[in-house]
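Look at the two complexes coming up: chain A is in both, with chain B in one and chain C in the other.
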Partner chain A sequence: MYYDPFVLPFTIGLTALLLFLAVKYIRWIRTFRKSERRKIRKGMFSLKTFRAAGEVFSECLLHRKIYRTNPFLGYMHTCFGLGWFLLIVAGKTESMVYHTSAFNPPYFAIFFRFFHPAKETFPYSETFAFITDLLLLFILSGLFLALAKRFWSRIVGMRKTTKHRPLDLLILTSLWLIFPLRFLAESFTSGLRGGGSFLTNNAGEFFAEFLPLDHLTYPAWWAYSGMLGLFFVLLPFSRYMHIPTEIVYIFLKNWGIRQGTKFNAFSKIQMYACSRCGICIDSCQLNSSLQMDVQPVYFLKKIRHGKEYESLIENCLMCGRCEASCPVGLTHNALRLSKRPDLSRITKNTYSYAKNAAMPAPAKVAYFAGCMGQLTPTVTRSMERILEQAGVSCTYIDKEGGVCCGRPMLLAGNREEAAVMAEKNRAILKASGAEVLVTSCPICLKMFREEYGLQIRIVHHTEYIDELMREGKLKTVPGEQRTVFHNPCELGRGCGVYKAPENILKHVSRKIDTDFDGKKSLCCGGSLANTSIDGRQRNRIAGDAAKAYAAYQPDVLVTACPLCKKTFATASAVPVKDIAEVVAECCRP
Partner chain B sequence: MPTLWGYSISAARSIDYDKNDQSFLRRLAHSCPSSKLCIGCGGCTAACSAGNLTEFNIRQLQMLVKRGETRETAEQLHKCMLCGKCLLVCPRGVDTRKMILSMKRFLREHDQ
Partner chain C sequence: MNIVIIGGGPAGSEAAYRLAGEGYTVDLVEKENSIGGNLNNWHQLFPDRKSAAGLVKELQQRLNHPGITLHIDAEAREIAESAPGKFAVKLSNKTVLHGSAVLLATGYKVFDAKRKEEYGYGIYKRVITSAELENLFTNRALATLYGEAPKRIGFIHCVGSRDEKICNYHCSKLCCVTAVKQAIEVREMLPEVEIFCFYMDMRMFGPGYEEMYREAQERYDIKFIRGRLSEAAENIHGQVVVKVEDTLVGKPLRMTLDLMVLMVGMEAADGSGKLAGSVQVPLYPNGFIRPADPHTGTNLTARPGIFTAGSCTSPMNLTDTLTDARSAAWQIKKWLTGSDKHA
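This part shows the complex of A and B:
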C-alpha cells in the first residue's frame, strides 16, 4: 500500500468537495418540476447526452468560445482546462500501467513521482514522463499568460475585467500556486533520485546544484498537496464553483431544461456556472457608453453573495450582446427577467377595451405594424407599397389602432397582463383568417413567435420581402446607395434573423460589411427592457452606436425596427431608414 | 368660485397642494424624477395605443396623482399597455414607462 501522511490534505479536500457538490446538485435538481425531471430521465439515455459530453469537451476543456473573444485568452483557458484534464488522465493511465490495476487511490496518480522509485522502469515509463512534463509546461505557459492578464488585461483582448472579492483572490492564488508547486516537488524529487523528463529532470539537476534538496523535497510535496486541498475546500465558496457547475448546466441544458419565468434552482445552477470571466463587461454598451457596472457578472455575483442587486434588475437593455459573447452560454436575459416581479392586477375589465379595435377584413396575409410601427408612417407606407407591387392581398390589422403585442409589458415583468393582451390579439388575428402574419416590429415578432402559440407562419417584413424578391414577385432595381445595416437586437439575436436583411440590402444597395454584422450588432439604446436609464443616457448609447456605424461612411444607416429608427433619428448624423423604405425606393413595376 | 379678476377655477382641475394627499406624488417624484418635467402638452395621450381605443389619458394620470386621488389613479392605470409610444413622443424626456411602473408598484404596496 502506497501511503504517506502528506496525501491527507489533498484526499480530505477532494472528498469534502465531492460530497458537498453531490448534496448541493441533488438538492437543487429535486426542486425541479415533475415535467422537468421527466425530461432529465428521458434525455439521459438519448443522443442528447453524447451531444452534451461533446459540448463539455469543447467548452469546459477546450474553451472554444473564448477563442472568439481573443486567441490568447482562449489559449490561457485551454491550458488550465484541457491541460489539467490531460495531466490527470495521463497521470492516472501511468499509475494504472505501473500498478496494473484500475483501483488505486486517487492520490496515488496525483503524487505518482513521489511514490514511484525513479530507477524502476515499466512499459512506456519514459513516454509517460515526457507527456506529463509536456503537459505541465503547457499549463505553466497558461499560468504565465494569466499573470500577465492580471497586470495588463489588454494583452488578452479585455478592456475591463471583473473586480474580485478577497476570497476570490485567495483561491486564485492557491490555484496559481498548485502547478508551480507540482513543478518544484517533481523537480526536487528528480534532482534527488532521478526520473522525470526534459522539464523536471533538467530543473532537478539545476536545483540540486545549489539547494539542499533532501530537506526541501518532502515539504514541497506537503505544500503541493496542501495547496490542492485548499483549492478544493475553497472552491464551493468562490467563483471556481463554475468548473463543476458548468458541466451540470451543459447536461441539463442539452436534456431540455430551460430558464423559466421564476428564479429557481436552475437559475441558481446558471448563477454558479458563471465563471466571472468578465467577457460580458466589454460587450455591454451600458459599460462602454455609460460606464455602469450592471453586467451579468456583477448581477449574478451580487445575488449569489446576498448583496443589494435590486437596482440592477431593471438596468439591462436585454439586447442579448452578453448572451452572444458568454463563453458558458448562460441565458442572461431570461435570468434577469426572472427577477422582475409580476405586478399584474387582472380583473374582468383588464384590456376589455380591446373590443373597440376594428376587426380586420379577411385575407391570407395579415400585416401588423405594431405600436412603434404606428409611430413611423414612412415604414408602414413603404410596406403597403411593397405589398401592392408584389400583388399580395393583405389585411392591415392594426391600421386604425390595435392592441399592443404585450412584449413591452412582459419585459417589465408583468406576464399575466401581457398574456391578456396576447389573448385579445389572437382573437383579432383569428378573425382575419390569415395564414401568414407579417410584422414590421421585431419586438412584436419575438412575442408572436414565442408567447402566442399561433399555428400560422409569423415573419418579419425583412423575411417576407426577401421571400417576395426570391420568388420574383417583387422586382427591384439595384440601388447605388452605400448602406450599413443595424440588425435590431430582437430581430437578430432575439429571433435569429440574419440572412434575409443581408440578402435584401445586397440587392437594393451597396451594403458595406461591418464588425457589427450578425450576432455582434449593437443596441440602439432605445430598448424598452431598461426602465432604469433616462433619456439622456439612452441618447448617449444611441450616439455612440451611430458613430460606430458612421465610421464606415455609409450614405444611409439601415435598420429593420421602428423603435431603432426612432432612437437613431435624433442621434445619428447619417440618415436613418428602415429596410422597407430602401426597398420601396427601388421597386419597379 | 368667482375671483377678483373675473376668472374661475374648475374644482375638478385645481390642485390644492395644502390639502391633497401628497404621499403618492412625493414617492413618484423620488422613484421617477423625470415625471416632474411634464408640461402637460398631451403628446403622450395623442400617441397612446390604449388611448386610441378607450378613454385613457396619461396627462390626466399626472393630474390625478397631484390631486392625491389614488383610487381613481388605480382605476385608470391598469388600462396602460406599457407599449412605450409615449416615451418616444415626449418632448420633455419624461420616462413615462418608468412613471407608470412606479405608480403600479406604489399601488401594489398601498393595497397590501
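This part shows the complex of A and C:
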C-alpha cells in the first residue's frame, strides 16, 4: 500500500470540499419548482447532456469565449483550466498504467513521482514523464501571464480588473503556489534519485548542485500537499466556487432552467458561477464613461458577501453588453431585474377617468409607434411614407392616443403595472384584427415578443422594411451618404435583430463597418432601465458613444430606436437619423 | 493701456463705451458683420416696448469714439497670456490683438428647438420659435403668415430650459416675460385670436413684469394653462394638435392650434467655453462662465486679467446686462490702476 502522512492535507481537503459541494448543490436544487425538477430529470437522459458536456469542455477548460476578449487572456485561462485538467488526467492514466488497476487512491496519481521509484520503468513511462512535464510547463507559463496581469493588466487586454477581497487574494496566492511547489517537489525528487523529464529532471540536476536536496525534498512534498489542501478548504469561501458551480450551471442551463422573476436558488448558482474575471468591467459604459463600480462582478460579489448592494440594483442600463462579453454566459439582466421589487401602484382603475382609447380601423398590418415614436415625428412620418409607397394597407393603432407597452414598468420591477398596460394593448390589437404588428421601437418590440403571448407576427420596422425591399414592394435608389449604424441594445442584443438593418443600410447608403457592429454595439445611455443616473450622466455616456462612432467620419449616425435618436440628438456632433428616415429619403415609386 | 473686448452685443458695446470714456483704448471684436448680437433679432423690448433697433442704434453711435477700434467679421479664437498681465487674442482673420485685460462678453445662443423633436419644429409648418415671431412682428407678416390670420395661437414656455432630458437644468429667466410681451403684441395685431400660454411657473422677476402678466390676463384676455406640452402632431389641415396636462385641474387636454410658438431658452455661446478654456477659466456645468465669486466676485474670473460682462455668465435681461457691463468697466479700471491687482 502506498501511503505517507504528507498526503493527509490533500486528502482531507479534497474530501471536505466534495462533501460540502454535494450538500450545497443538493440543497439548492431541492428548492427548485416541481416543473423545473422535471425538466432536469428529462434533460439528464437526452442529447442536452452531451451538449452541456461539450460546453463544459470549451468554456470551463478551454475558455473559448475569453479568446474573444484577448488571446493572451484566453491562453492564461486555458493554461489553468485545460492544463490542470490534462495534468490530472495524464497523472491518473500514468498511475493506472503503472499500477494496472483503476482503483488506486486519488492521492497516488497526484503524488506519483513521490511513490514511484524513479529507476523502475513501465510501459510508456518516459512518454508520461514528458507529457506531465510539458503540461506543468504549460501551466507555469499561464502563471507567469497571471502574475504579469496583476501588475499590468493591459498585457492581457484589460483596462480595469476586479478589486478583490483580502481572502480572495490569499486563496489566489495558494492557487498560484500549488504549481511552483509541485515543480519544486518533483524537481527535488528527480535531483535526488532521477526520473522526470526535460523540465523536472534538468531542474533537479541544477538544484542538486547547490541545495541539500535530501533535507528539502520531503518538506517540499508536504508543502505541495498542504497547499492543495488549503486551496480545497478555502475554495467554498472564495470566488473559486465558480470552478465547480460553473459546471453545474452549464448543465442546468442546457437542461432548460432559466432565471425567473425572483432571486432564487438558480440565481445563487449563477452568483457562485461568476469567476470575477472582471471582463464585464471594461464592457460596461457606466465604467468607461462614469467610472462607476456597478458591474455584475461587483453586484454579485456584494450580494454573496452580504454587503450593501441595494444602490446597485437600479444602477444598470441593462444594455446587455456585459452579458455579451461574459465568458460564463450568465444572464445578468435577468439577475439584476430579479432584485427589483414590484412596487406597482397602477391598477385597472387608475385611468378610469380617461375615456377608452378609440379602437383602430381593422387592417392586416398594424403599426405601433409607441410612446417614444410619438415623440419622434420624423420616424413615424417616414414609416407612413414607406408603408404608403410599398402599398401596404396599415392601421396606425396608437396614432390617436395609445397605451404604453409596459416595458418601462417591467424594467422598474413593476410587473403588475406592466400587465395592466399589456391587457389594454392586447384588446386594441385584437380589435384591429391585424396579423402583423410592426413597431419602430425596439423597447416595445421586446415587450410584445416576450411578455404579451401574442399569436401574430411581431416585427421591428427594420425587419419589415427589409422584407418589403426583398419582395420588391419597396423600391429604393442607392444613397451616397456614409453611414454608421448604432444598433439599439433592445434590438440587437435584446431581440437578436442584426441582419435586417445591415441589409437595408447597405442598399440605401454607404455603410461603414465599425468595431461596434453586431453584439458589440454601444448603449446610447438613454436606457429606461436605469433610474439611478441623471441627465448629465446620461449625456456623458451618449457623448462618449457618439464620439466613438464619429471617429469613422460618417455623414449620418443611423439608429433604429426613437429613444436612441433622442438621446444622441443632444450629444452627437454628427447628425442622427432613424433608419426609416434614411429609407424614406431613398424611396422611389 | 489697451483692453480687448470679445463680443459686440449690448454688454461688449456698453463696456467699450464706458472704458473709452475712462481714457483707455479698446479693441472690440464681433464675429458678425454688425454689432448688437442677439438684440438684432428682437422687435420690441419689455417692459416698456422700446424698439430693439433703436437701442442697437444708440449703442452703435456710442462706439464712434476715437479710443474704440471695431473689428467686425472677426471671431476670437484663443487667448494667451504672453507675459504676466499681457494678453494676446488671436482672431480668425489672423490678426493678433494685445491688451492688458480681456473682457469676455460672448453672450448666449438661442436653444435649437430641433433638439426637442416631439415639438415638431422644423417638421411641422406651423411651429415657430419666439425669435422667429419677433421677426414676424418686425415685418408685419403675422396676419398673412398662412394665407389667413391664425385663430388660435399657443405659446410653449421653457423650451430648452429647465429640461433634464436635454441637460439644461437652468432657467432662462426671460422667456416667461417675453411670452407675456409677445402675447400682448399678438393680441394688439389680431384682436380676434385666441391666445394660450402653457407654462410650468411664471417667473416675473423684474420691475413691471408681474404687472404686465396681470394685465395680460385682465386686459388682453390671454389664457394661461399650467402644464407642460407632452407631444405635438400635425393634422391634415396642417394645424398643430397638442397634448398637455392641465396640472391645476389634473386632467389631460388636447387642443388644435393654428400657430405654435416655442419660447426657446438661452444656452451658453459656443465661443464662451472655447475662449474660457484657453485661459483655464472654469465654467458652470451648463456651459456658462463661472465668476470668481457669485456675490463679491462677479465680472471677475478665476484668472486675473480676464473679466466677464453680460449673459456669458448666466441668462440675463437687457437691464442687467447693461448694468453688468458698466460694473465690468469699473472692475477693469480698478485692476489696471493697480489698486486691486489679484483681486
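What we mean here is this: the second predicted complex is superposed on the first by the 579 of 589 C-alpha atoms of A that agree within 3 Å, B and C clash if a C-alpha of one lies under 4 Å from a C-alpha of the other, contacts with A are read in each partner's own complex, and residues count from 1 in each chain.
Convention: a contact is a pair of C-beta atoms (placed from the backbone, for glycine too) under 8 Å apart; a residue touches a chain by one contact, two chains touch by 3 or more.
Not measured: the values here are computed from a predicted model.
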* Does the chain A-based superposition show chain B and chain C clashing or fitting? -> clash
* To do: Using the touch definition from the top, say if A:M421 reaches chain B (first), chain C (second), both or neither.
  => first
* Comparison of chain B and chain C by chain A residues contacted -> B
* Asked: Given the touch rule stated above, what does A:P377 touch, chain B (first), chain C (second), both, or neither?
  -> second
* To do: Could you say whether A:R536 touches chain B, chain C, both of them, or neither, answering first, second, both or neither?
  => both
* Is A:T347 in contact with chain B, with chain C, with both, or with neither (first, second, both, neither)? -> first
* To do: Would you check which partner chain A:T570 touches, where first means chain B only, second means chain C only, and both and neither mean what they say?
  => second
* Is A:G406 touching the first partner chain B, the second partner chain C, both, or neither of them? -> first
* To do: For A:L528, decide between first (touching chain B), second (touching chain C), both and neither.
  => first
* After superposing on chain A, check 5-13, 23-31 or 41-49 and name the one in chain B that bumps into chain C. => 41-49
* Where chain A meets both chain C and chain B, residue numbers -> 353-354, 374-375, 401, 534-536, 566
* For chain A, which residues are in contact with chain B within the complex? -> 343, 345, 347, 349-351, 353-354, 356-357, 371-372, 374-375, 401-404, 406, 408-409, 412, 414, 417, 421, 526, 528, 531-532, 534-536, 563, 566
* Structure fact -> chain B residues touching chain A in their complex are 34, 47, 49-50, 52-54, 56, 78-79, 81-85, 87-89, 93, 95, 97-98, 101, 104-105, 108
* Residue numbers on chain A that touch chain C, as the complex places them -> 353-354, 374-378, 381, 399, 401, 534-536, 538-539, 565-566, 569-570
* Quick one: which bits of chain C touch chain A in the complex? Just the residue numbers, please. => 114-115, 117-118, 120, 123-124, 164-167, 169, 231-234, 243, 251-252, 285
